[in-house]
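Look at the two complexes coming up: subunit A is in both, with subunit B in one and subunit C in the other.
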Partner chain A sequence: MTSPMIRMTGMVKRYGPVAAIDGVDFQLGEGEIHSLLGENGAGKSTLTKMLSGVATPTSGVIELDGRPVTFETPADAMRAGINMVYQENSLVPSMSVAQNLFMGDEKLFNRLRPLYIAAQQFLQSLNFNVDPWASVSTLGVAQRQMVEIARAVRKNARVIVFDEPTASLTPEEKHHFFNLIRRLKQDRVSIIFISHALEEALEISDRITILRDGKLVETGDAKDFDRARIIAGMVGRESGIEGETAPADAKPPGKRVLSVQNLSMGKAVRNTSFSLYSGQVTGIFGLIGSGRTETAKVISGVLKRNMFHGGEVWLEDKPVRYRVPRTAMRDGIVYVTEDRKAEGFFDDMSIAENIGMGFLAAGFNKSQVVRRSDIAEVAKYWTGKFNVAALSNEARVIELSGGNQQKVVIAKSLVQKPRVVFFDEPTRGVDVGAIAEIHRLIRELSRSGITVVVISSYLPEILSISDRILVCRKGRIVEEFAAGTAEEKTIMYAAVH
Partner chain B sequence: MSGGGKKARGISQEGIVIAISAVIFLVFAVTQPVFRTPENILSLIQNVSILGILAVAMALTIIGRGIDLSLVAIMAVSAAWVLQLSNNGMPIGLACLIGLGLALLIGLVNGILIAYLEIPAIFATLAIATAAYGFVRSMLLEDNLIYLKAAQDTWFKVIGSGDVLGVPNPVILFAIVALVVHLFLKHAVKGRFLYAMGENPSAARITGLPNRPMVLLQYLLAAAIAFLAGLIMATSVDSIETRIARSTLVYDIILVVVIGGVGLAGGKGKVRNVIVGTLMIGILLNGMTILNTPYTIQNIIKSVILLAAIIVDSVMNPRDEQTSQQGDI
Partner chain C sequence: MIGFLKGVRDRIRGGGEYAITVPPMDGALRPNNDLEEASVLVEAQAPGHLSDVDGALWFASGREVMRVGPDGTCEAMRQLPSEITALAVRPGPEIFAACADGSCDLPEGYSLDALPAAARRCVTAIGAGPGGEVYLAVGSLENGAGDWSKDLLERRQTGSVWRLERGAPASQLVGGLAWPAGMIAPGDDLLVTEASRGRLVRASRNGAITPVLSNLPGYPAGLCPDRAGGYHLCIMAPRNQLIEFILRERDFVEEMIATTDRDHWIAPSLKAPETFLEPLQGGALKQLGIMKPWAPSRSIGLVMHLSEDFVPTRSHHSRADGKNHGTTSCALWRGDLVVASQGNNRLLLLPQEGGRA
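And now, the complex of A and B:
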């Protein structure tokens, strides 16, 4: 590599007494794809936020083309050609794709027709199949991301930082995305790629940097790394999801606890039927938009089903229809959300208060008066059982890493003593160490006789945890596999065809 | 723990407000001899008691991620109807019950509109404020200004005009309301639910909290507290002017709540914050009155303070996802 385009030396960023980044050096060459890997809380986002002007470094020097630079705001960084594409969208939902693309560059007399023609040509040149006239609010997650990427490219970005870009993409969309990244590379654009998907990072990167606890672990050419070495670097030990094989002790179905017959809701859930059995883990695999989340949400009362939506749900021998999660929870059906930030936890409350809220909502409190000691005791039991890493149970949940947040959200549901638990993407945005722990918990839970459902779009996860696999496509369960009889290929085939 | 105090950041909004209040208090006390007399201090607290009680009610709704712009209207029309019924010959005890019923009915309508028809609280309560005032004034009351006549010499009169050991009753009632609501918010299951719902309504729903009944409860409580404020007002000045429903009093209430540090985004704040806000505004209003500051100038000063408080609130309790994301570092 010739002299790097970006050289960050001795970067330190403190939030209060805590150093999120502690003396990290980082180099990025022109036209290089550089993966930044590490557990949640390792400091990947913080490092890139300093580069893109979102966070101000406590100390350290950033050099661009050999000259020291400081970025006070994201706009400064953007002017220097450094763009960040966030997990969360920064598009205006009510505007069209073209308007979003050209936002900030409108002429005084902004005629729309040339704008749309230019947008169309531009999107075609990138091989993006997005309608420039479409309003962003009508687009799916993947398409929104394509628009964001297109916008960064259009601004002549020299460096684009992608924070978890593939988390919400289907395999086909991922393929497109990686092609695009390779094309950007040919145009001498440098890419920083933050991801939890190690295979992707290995496949696409030129170089890999691993961070742990805000410190640099190692950096080197991608060809020198393999999965085991990365995981060892990330967690300081060999761990992660063990193999992609079925669990050795797969359990046959127990008693039928929940059965769903011809359930429908709008376009998301179409005439689906299946049963769930106690004492085993049922994995539901499906691509984004296949209706798996909606199915679980309808059953557990999170989505309201009105009289026009057909079908029946039987809990043992009783037909049930829930309009709010509260009644479902009281009957023992809980849903652990895939989006913990939006609907999982109370960010300003402590760990104890979050877990306690589940306890109170279930009506386990003896009186109308809350006793802090009771709540503290319940919280202590669950944080101990789940190995939640925090200074104390009085720490605010927002200050925890993704994995610990997820454990708190799960504990908040389990404290309600459910009979049926839907885990929706239980390990999304969770670090490798915590994934193993969460999987162990889920298995323990099912072995104690509880009916457990795990929804995931990550095949290795489904394969390693399920006793039985259901495949969801276009709003219905289309295929069922017993553990051990299914391979990745057959499951994926069922999910896409 | 989930309150307004932001210990991690060193300086809390509450601390700033207490400091500013102390400075204003000292300035007035040094420059205006009238201000520092015990009589004036007592009347200062008495004058802000009603404002403080209404602010406690407002804080309840704001903590639950709502707002109640109909508080003043509920206070005025329910208290006025009590006086009217009593003047027409009804026993005052029964009149009070009926007045409370009216207040709760308006609160219930607010709650149903917000919880079940999912109308934004700010619009629902704004409309109900106008509707309630118009309906009661035209259908139930004889005049805008209703005097306390028939119940002049009963226990009723004592509510707002008596005192215990020299402490005026309004002050004592403010203290009682503040204490009860404080205990409710801090220790009752429903109080904790209110914080959770204000903090993150979607998470509260998924966790199995009774969101809609909680919204009803919060507007019913606010209406009941407003009714009490109405009785105090009516008995301390022997009349009630229903046109107060159309005054700027409701903005003063919001001023008190926000300045004390109850976050407008919901889920944050304690009764303590309301008391601090009430004291600051009380000192300010009293001092400006002694200084003979014209009413319009007072309004300008109040509005500048309200703006400043909202700005501080939005800095300390940011609603922007990107800046408040500390979890993923």
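And now, the complex of A and C:
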């Protein structure tokens, strides 16, 4: 690379005593596509936020075209030609797509018709199938992402930072997106590409930088990297997921435990049917908004199915209908939430109290009074079983790491002695060591005869842990694969078509 | 009173008895093309009621009792006055056959005289018991043996199982069944398929019924024991939501039966479509040239293997885009599984572990 357009030297960003970024150097050339890779919490977003003026560095120097610059606000960065497309979108939901696209460029008197025509032409030029007249609030996640991308491209930026741009795009949309990136590169626009999809990074990038725990691990030409090397750099060992093929001891279906028949709930779950079998891990894959979570929530009583012709759920040979989770729990059906911070635990309670809540909710406490010693005993057993790393069981759950929080949430559910467990995104935001432990735990559960469902958006996880794989699309299960017969592309094809 | 109110609530909300739902075909019932890819043993008109006796395979085809010898040659052994509706063969050979016109062909000493005339016209299965006795399944007292779909639409439950012994009048063992379509007597108890209720029941000699496999995704027919333990169970047609809905619309059903040609009824069928007038045969879910396995077809080929405790463990399918539908009967012959496809007029050979094929 000749002289870089952007040079970040010795960047440090501290939040209190914690260093989110610790002495990282980063360079970006003109017309370069540079992938920034790392696990959750590695510091990718923080580094780019400092570049785009969202976060102020604790120390370090940013140079643009060889001159030191300081961006106090995102507007400063934008004026310098640096744009960021965020994971969480920043559109105004009550405005139309066209209005969002041209926001900030409005004239004193605007005629809407030319605005919409220009927006239409611009979106078409990017091959984005989005209606410029539509209100942003009516768009799905993927379409909002497209509008975000289009807005950044329209600003004639010199540098665009894409933070997980493809997470919610379909394969066709991804194809168009990568073509767009290549076109931007031809126009000498520099791209910083943050993604967890390693194959995408390898395919599209000129150079790759890997961060781990806020520190730079390595930077190099993309052609010198492969998947194994990237993972080794990201996690500090070979792989986060134990193999990405079917488990060696995949189990055939046992007795049918739960049968979902033509279940419907609004537009989220549409006439879906599937069965769950004892002793099996059933993986459910689907794109965002495909109705996986809602289906699990309806079965476990968190949400209610349609009042009229909402379908049936059979638990063994008995039709059941739960209006609250408590009755489902009493029948042994438990849902472990994907949003543990909002729904999974009481953040101002201790580990023991949280696990105790599960114990009490299941109705195992037979006496009229709750003995703290009983709760402590139960908590001690489960934290020991799950290796929850905490000073004591009196520590508050909010103070634990993501992985340990997740273990507490799982323990709180398993203390209820369930027959059927739905794990919704069980390893989201969890570090690699905890992922392996949670996977081991899930396997142990299923091998002990419990029916386990793992809902995940991460295909390698689904492939590695499932005895059978169901694919959800538009609110219904559309395909089933046995372990060992499924590949990522066939699963994705079923999820999209 | 509470039951009445619950019924009203279910009717309004589509729950309980009024839930228009169908169990999914997944897990061990995940669709494949085994029956479509199976080799053809014999082509014959509407074959059924298979039994393996002394190394020969016996079956009914139209009015004829057929035999496939150990060398694979097929010959007609007997011709009866009308279409055979049930057949069983015991070593000897002793042939037990019932016909659609109420006549029968039984060994000396056996008689169906004790059966009502309507029952004699609707004998759907005959099973040989271990002690020399024979059991007969009567599908319905209101309809003939070829009127299963009509009996289903009318929601009749007048089927029964009878015990037949040499020199003694037939006696009714069990009544109130919804079209028993297959039966075996593997031990002290009988296993009977109730086609219209979609279940497999165990009937004890004292007449008690215990469901052993309920809520099947199709209408079960014949079954046979597996050599390695468990059973093979034939499903002659799939259940689907449209038909479940129709079954609850009595006025519509009456009008359809009265005014519409039988081939075009919205009802389960034993054969794949031959005319575009067929309602909704695999119609809704063919996408990108691929017939989705859950297509709402009226006919299907499906044989499922059950473990000894009646858990489905594997299955063989002919899907909505296939032809080998209407699987009504199966038997083990020379170690391999032979399946009768009434919808495609052929006997199919499915090689089994340790078989000769």
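The working rule: the second predicted complex is superposed on the first by the 356 of 497 C-alpha atoms of A that agree within 3 Å, B and C clash if a C-alpha of one lies under 4 Å from a C-alpha of the other, contacts with A are read in each partner's own complex, and residues count from 1 in each chain.
Going forward, a residue touches a chain if its C-beta (ideal position, glycine included) is under 8 Å from a C-beta of that chain, and two chains touch if they have at least 3 such contacts.
Just so it is clear, the model here is predicted, and its values are computed rather than measured.
Of the two partner chains placed around the shared chain by superposition, subunit C is the only one that A:Val260 touches, whereas subunit B remains out of contact.
After overlaying the two complexes on the shared chain, residue contacts for A:Val217 are found with neither subunit B nor subunit C. In the superposed pair of complexes, A:Val12 makes contact with neither subunit B nor subunit C. After overlaying the two complexes on the shared chain, residue contacts for A:Ala361 are found with subunit B alone; subunit C is out of touch.
Contacts of A:Val69 after superposition: neither subunit B nor subunit C is touched. More subunit A residues lie in contact with B than with the other chain of the pair subunit B and subunit C.
When the two complexes are overlaid on their common chain A, residue A:Ala134 makes contact with neither subunit B nor subunit C. By the touch criterion defined above, A:Glu343 reaches subunit B but does not reach subunit C.
When both complexes are overlaid on chain A, the residue A:Leu180 reaches neither subunit B nor subunit C. Common to the subunit B and subunit C contact sets on subunit A is no residue at all.
Subunit A meets subunit C in the complex at residues 252-256, 259-262, 271, 273-275, 277, 307-312, 314, 317, 319, 321, 468, 470, 477-478, 480, 482, 497.
Across the complex, subunit C meets subunit A through its residues 12-16, 19-24, 26-28, 30, 214-215, 241, 287-288, 292, 294, 311-313.
The touching residues of subunit B, when paired with subunit A in their complex, are 1-2, 8, 187-193, 195-196, 199-200, 202-212, 267-268, 321-322, 324-329. Those residues of subunit A that touch subunit B in the shared complex are 15-16, 20, 40-41, 43, 45-46, 54, 86, 88, 302, 324-326, 328-330, 334-335, 337, 341-350, 353, 356-358, 360-362, 365, 368-370, 394, 397-402, 405, 412-413, 416, 429.
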